[in-house]
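Chain naming follows the written order as A, B and C, and within any one chain the residues start at number 1.
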């Protein structure tokens, strides 16, 4: 059984190894595949985006994800069972929600309360080791999710770190959820949203980014515009992005995570 | 069989992959789990601390660790057999000693001299590849440690990179062995030492850190003091730390690795 | 079957995990070993050097390598079958050539054209996911390389990112192909070239590095000269290097990648 693992723990210290040791101790046959441990500390949006982008390519399995600004508070621990058959394990802070959507949607969710499957004493600061890693390992061994605690209704889960865009007849109002290392601006808008306002590959549309109003083409790849020129496209994350060929859309339009992005047909 | 692997080699160059290739060539069934390869270059204290913190969570196995300022000199190569049944493989410079203590203590130690199990020619600069990785792999295949060289008495091993603290009737004199990335000051003092001077959770004690004399509470977690206030606690490494809630004890008290830390009941 | 994996994708984003997910989906029994993902972006020389240095230590297998400044252009995708029996998979830009040489030389090469084994739609920007990772996985499952496309003659492959040095009766003219993190200057010259001009360990030779003309000893290791003094040696990459004991040859001689290095007997 595969257990994927995403966190913001970094690679300098012992935290990742400790969690892997806990997993191998409980489920020696589990194969752990790292997704990333270099998510910026406490950056829920980045963690949720990387998880949602990676998991559809992963085989069915257990997916452990910990970006957890609320560790030590009353936030819940979760197991989410998705339509594809996978289990997602992590904090109830929205981190797992976009990935669950990409794996067919939430089928059931469980609040982890059963102390029998936790390391003792449960620390207040390292619940990845004491709660989430052991739960992921026991799931990999075949334990059923209801063994770990009561079911929790989908409506009671903390929402995704970003909102769904608002889609009107000729307008989509979204937001910036990530800037990648090339300065490409990633939004919460998907190609499906574009379809609903009848924008197809090759079409031009008006985009409002913070203080800039632009007429841009929806193209397949950077290379379709000249160096230094902007465009919008679906990048490998599956989300709509604003980019500048061989340049930085972030700098060009002075825009950051959380800013609004409006597309007008 | 699991082989864990810690080093200060970094991830940019080929060194880690070369060692893993050597291991897989000798012991194809071994599973290599990385602990960290981003220990600061030649920082024995950091390497020893990360190793000692991670190994108790790892399943029984072979543990390869290389932070080796003395590579190419006459320092010995070691196999340490610990009470828990694991073998630790690495240079005789103290790196393995705290971890051996956490795994029940040293049972036997061996000086690696047998050239039959080394890659030839043995380079002067890359003994991880030529000596330590092959020895770890042969141990994983079940070779007995005495095959690799003569036994060496525990008293002849290089000591831990830090001293044990001195414990008096009402006083512990320790030292700072690490500063973590949040500025938390990690000492060589353990909760067991505190017990011997009758300090328990919730108690107040006087701490002398370099030039500062403080009255601090021994608490379970950061959140028990107000933001900006100091405390001392047992962190996830198992050692006693001085921390500032949402701040940096390192900066607050102008203290660094090697400085003395005294606790008075 | 082992699949090794080298790239310049970094570890912050989802790219590596996505490729591993694709591999495990097609070839669940394959074991993926990372060589490095922190090759400087688009640095073909560094990628080729790390690959050529690591692979001789790896067991026979499939070797996936992607440093690909030409992604999205007409450059070909390749499978190279080497004398040792391994398959190398990656772009036709010279990246795989030095490693193929170290594994006994090229036996056959194939141009990847068969769409049946690609992910659809093939993106223009992420061919590691859509072409190279699936091809590596199908090879690991035992598919024969001719299934993926037509054979291509060795003479039609893009050459190594560096030239072979020119060897005269008493002179070798080479170039700098890498500077390691200690400032050691790595050249394209091998000990075999030195043999051909009759330079052996312990000999002195004249080296011309850009603007400096030096008389240096060819020694086994740094420690054979005083701190601050230069030497030349064969480092763990197998190539000839100019180094300064406890110093930086790069700074000392103001020399960089691509500069010429001449050795005179």
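Criterion: a contact is a pair of C-beta atoms (placed from the backbone, for glycine too) under 8 Å apart; a residue touches a chain by one contact, two chains touch by 3 or more.
Predicted, not measured: the structure shown is a model, and the values here were computed from it.
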How would one label the connectivity among the chains shown: line, ring, star, complete, or other? complete
When chain A meets its copy chain B, do both sides use mostly the same residue numbers (more than half shared) or mostly different ones? different
Chain-centre distance (mean CA atoms) for chain A and chain B, in whole Å, is 34
Junction residues of chain A, two or more chains touched: 11
Which positions of chain B touch chain A when the two form their complex? 2, 4, 11, 33-39, 50-51, 53-55, 57-59, 180-181, 220-223, 235-237
For chain C, which residues are in contact with chain A within the complex? 10-18, 20-22, 24-25, 28, 72, 123-126, 129
